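In the part that follows, the structures are each spelled out as structure tokens.
Each of the next two complexes has chain A plus one other chain: chain B in the first, chain C in the second.
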Partner chain A sequence: MEPGLVEVIHGRHNPMIDGAHGMHVWGWEVPVYLFIGGMVAGATILLALYELRFKEKPTSLSAQLVPWLLLPLMGIGLLALLVDLEYPTHVYRFFLAFQPASPMSWGGWLVLTVNAVWVAMGLGSLSATTQDWVLARSGPVAGVLRWAFDMGEAYRKPILWTALAFGVGVGIYTGLLLGTLVARPPWNTAILPPLFLTSGISSGAALMLLMPLSDKEQHTFVRWDAAAMAIELVLIVVMVISFVTGSAADQAAGHVFLGGHHMPAFWAIVVGGGLIVPLLLAGFEIAKNRPLTRLSPVLVLIGGFTLRWIIVVAGQEASFASLAMAH
Partner chain B sequence: MGSTTNAEPAPYWNPYAAGFALGLVLLATYVLFGWGLGSSSAPTRLAVAAMDVVAPAYTEAHGYWGAYVAGGENPLQDWMVFEVIGVFFGGIVGAYSSGRMQMSPAVDKGPRIGSGTRLTAAFAGGIILGFAARLARGCTSGQALTGGAVLAVGSWAFMLAVFAGAYATAPFIRRLWR
Partner chain C sequence: MTTDKRYVMTMDTTKCVGCQACVFACKSENNVPEGYARDWIVETVQGQFPNLSAEIRSERCHHCSNPPCVYACPTGASFIGEGGIVMVNHDKCTGCKACIAACPYDARFIHPDGYADKCTFCAHRVARGDQPACVTVCPTESLTFGDLFEPDAKVSKLLASRKFKVMHEDAGTEPNLFFLI
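Then we have the complex of A and B:
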């Protein structure tokens, strides 16, 4: 071999997985699922926290109905995930076993059981007036519904704590799932789970802030949303610093956010438009008492989706094989 | 909500202070990014990107637009596109902080014309501006503001032509606003 030439030989040549262009197995489906999963988890956490903090149910009809909205929303996310599968009919196999060491197994069971938590949460979220309205129109199942409403009320506190735990679980597992994949440097960071969790909380708040809420709910969610976004901003800075000061693999991952072709979209749409601008708007809303603008939650949702899109795409573009070739 | 919020708009900035601040923004973009301010090439790039999705072979073969997608390049991966996104975000923050943000379907127009006339005139003006900006290789931001700041002769000629054109056509257009 001539001096200065480095020959790189590796035995794997799986199409769409190995090679200079990296893996491109996941398309739009996975980022869509991760975004919706994070958003519904965030909304669950915020709703549970609201009731635990103020010891009262949300007064607006929209907030009372949010747990019922989360069911079909998660359904859309899971549908996207199902479309991504090569053999969608084999999905039931996931629920024939539980692997405690597998984040995917935890996630599969969490996204299944969280539906029951939303039903329990939703039963107790409805005001007495709304419950009466539903009972008057439920005919032969009115008795069962009355019992379900009573159960939802009687066990309200444990249900809310369970919802909080499940919300954190669903929000964090998506990041954990990617973070444990060592071979993809941009995913392999311990910051990813809390980053996806806080991003999910701000997206969940944004979802609710697009609805007609009471003054108290709106002001509370704007403040909690701002806190989540501030933490998310810090996590992003810490993640980028840990990448650029880390190993060669970490530095290659850092290139995604500093210098790579995803850099402009990441800093402009995720950080600028999705975090800094909504944070400034929240600051003006709080400090100058400006009326809430619905543009802010829209920007948060766009930023939250773009974050997951970039992370998923960038992770697939980077691998140790492509790193070795680059050297 | 309306009873507890402050919707009173803040007064406008002094125009000289705003102009000075804009000059500092221009300086900052040169120092940080190596590019000045501009805007008209962003919609051009957006149009080329849309064309590239619909008719990629035609776009690549085109004498003018083909340069934007040469070598498989993404036309949206450009400083000007992200600068315009930043201008949009900055505009939101500025309008909201001063209490001037309005989400209203009402069309801002002169008292004697209808919304249809106003929108048609704006659309026609936009087309003329976009076409002229491509011919001149820049608009009032890229040529007058950025080129003028670095004393480019062509940019100063452009600026004088813009003022001459504006004074020549304003008598016909201003009736739309009276």
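Then we have the complex of A and C:
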């Protein structure tokens, strides 16, 4: 037997902290939220970029309605977060404070205010025909709605730039939230915020590519999706390299992706199924210039969700304390 | 946060016998719920038989001067109190568990009532001039608590004269629980 530590008898057995697989304070609710938050952020960024780039509204009804779809989607994500809170009736405390050092505090305010941005964005997204259809059925509130539609149109450009900023903010903060926690080596990397952002953009594109889009929208989002996935792939490779060549804490984090029990799911579902196969399919679609299948967006969404799941679980398993015991 | 006091604790690993008096004193003083612990004993055995060495430590929140739990808290429930003691305002806590995930020492837990809980260095006792409960009951006097800014304090003298270590120094948290070795 090698000299060294032979036995540790730990007298602490706090529930959720000292389980058989390490700490487990964040269950399914957090990866579900991180996935949905990333996806809606990505869709916001892509929609804003589309209109800023082409200086025209999306022509398909589904793309016009996406800002309105993001409201209930984010609602589901926030409901998951509320379920995760141990003291849910104190949720209002998030909005009685602003803690500049806490990404979660920034996030609380961002996910609250982004709803107003989506409403403003959604008002201007609707085509004149859709606006008229809505106005004809809105009875006594038609006047207010007409004014709201006009405002949405009049301030379209600042609204789109604001939406872009909020999309990036929401997309980045979730990665920053985990990335700033030194206690959990697999989270503690500056790659995590841009990784979650790019993964959110590809998930947002996948969400929209599952809907009936115009040819131009389909054509554009497939390309932007491919770009996001290519960047994400590079970020993953850089992250794994920096982990395995880093300090003891980094190497423990690297073990999650190379050698640990999450390795098969990470490389098969996140990298293979969620990035490489969709990238190849996107390449084929771009080369042949025609939409092929809905398989690709489904794979991207599964990969995006699995990425959050593995990161959230693995980070909690690999605490600084267990690392010290291993060395 | 700058304070005019800096409360620290020293834990003499050469004196501790692992009797758990500190653990039970804490439970009793702070009404720590059944099955939970604000302080605990860790025993490590190192070496190769028959050349073994053992270390027994009484551990708790490290009341870091650079506390990641306080920075992670979105509501200000976790804060640096008098003398640098890291505290939790239960009323502001949402139970989001960011502070738990942020702590390299895993010193926090969720109280069954839903808020984050941990060692307070018995701040309520310290405020009236008493020592923390764990310190008062330690039969081998392995625990010492005091103000490091006070040159005549016993903790200041111990840290000036004895070799010590802190846990997970690499985490950069500047812990205030010193293990005398």
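By our rule, the second predicted complex is superposed on the first by the 306 of 327 C-alpha atoms of A that agree within 3 Å, B and C clash if a C-alpha of one lies under 4 Å from a C-alpha of the other, contacts with A are read in each partner's own complex, and residues count from 1 in each chain.
Methods note: contacts are C-beta pairs under 8 Å (C-beta built on N, C-alpha and C of every residue); 3 or more make two chains touch, one makes a residue touch a chain.
Predicted model, so just to flag it, every value in this text is computed and none were measured.
Undergrad: Between chain B (first) and chain C (second), which does A:281 come into contact with in this model arrangement: first, second, both, or neither?
TA: Only chain B is touched by A:281; chain C is not.
Undergrad: Taking the superposition on A as described, I'd like to know which of chain B and chain C A:269 touches: first, second, both or neither.
TA: Once the two structures are laid over each other on A, A:269 reaches chain B alone.
Undergrad: Using the touch definition from the top, say if A:45 reaches chain B (first), chain C (second), both or neither.
TA: A:45: touches no partner chain.
Undergrad: After superposing on the shared chain, does chain C or chain B touch more chain A residues?
TA: The partner that reaches more residues of chain A in the superposed model: C.
Undergrad: First (chain B), second (chain C), both or neither: which does A:180 touch?
TA: Touch status of A:180: second partner only.
Undergrad: After the superposition on A, what does A:66 contact: first (chain B), second (chain C), both or neither?
TA: Neither chain B nor chain C is touched by A:66.
Undergrad: For A:101, select first, second, both or neither according to whether it touches chain B, chain C, the two together, or no partner.
TA: second
Undergrad: Tell me which partner A:313 touches in the superposition: chain B (first), chain C (second), both or neither.
TA: neither
Undergrad: Output check: A:261 vs chain B and chain C. Expected answer is one of first, second, both, neither. What do you get?
TA: first
Undergrad: Spell out the part of chain A that touches chain B in their complex, as residue ranges.
TA: Where chain A meets chain B, its residues are 215, 218, 261, 264, 268-269, 272-273, 277, 280-281, 284, 288-295, 299.
Undergrad: Under the touch definition given earlier, write down the residues of chain A that touch chain C in their complex.
TA: Residues in contact with chain C: 1-18, 23, 25-26, 84-88, 90-91, 93-94, 96-97, 99, 101-105, 107-108, 177, 180-184, 247-249, 315-316, 319-321, 324.
Undergrad: If we count contacts the way the header does, which residues on chain C are in touch with chain A in the complex?
TA: Residues of chain C touching chain A: 20, 23, 35-37, 40-48, 52, 59, 68, 70-77, 91-98, 100-106, 108-110, 113-115, 167-168, 170-173.
Undergrad: Mind pulling up the chain B residues that touch chain A in the complex?
TA: 1-2, 4-7, 74, 77, 81-82, 85-86, 89, 92-93, 96-97, 99, 101, 103
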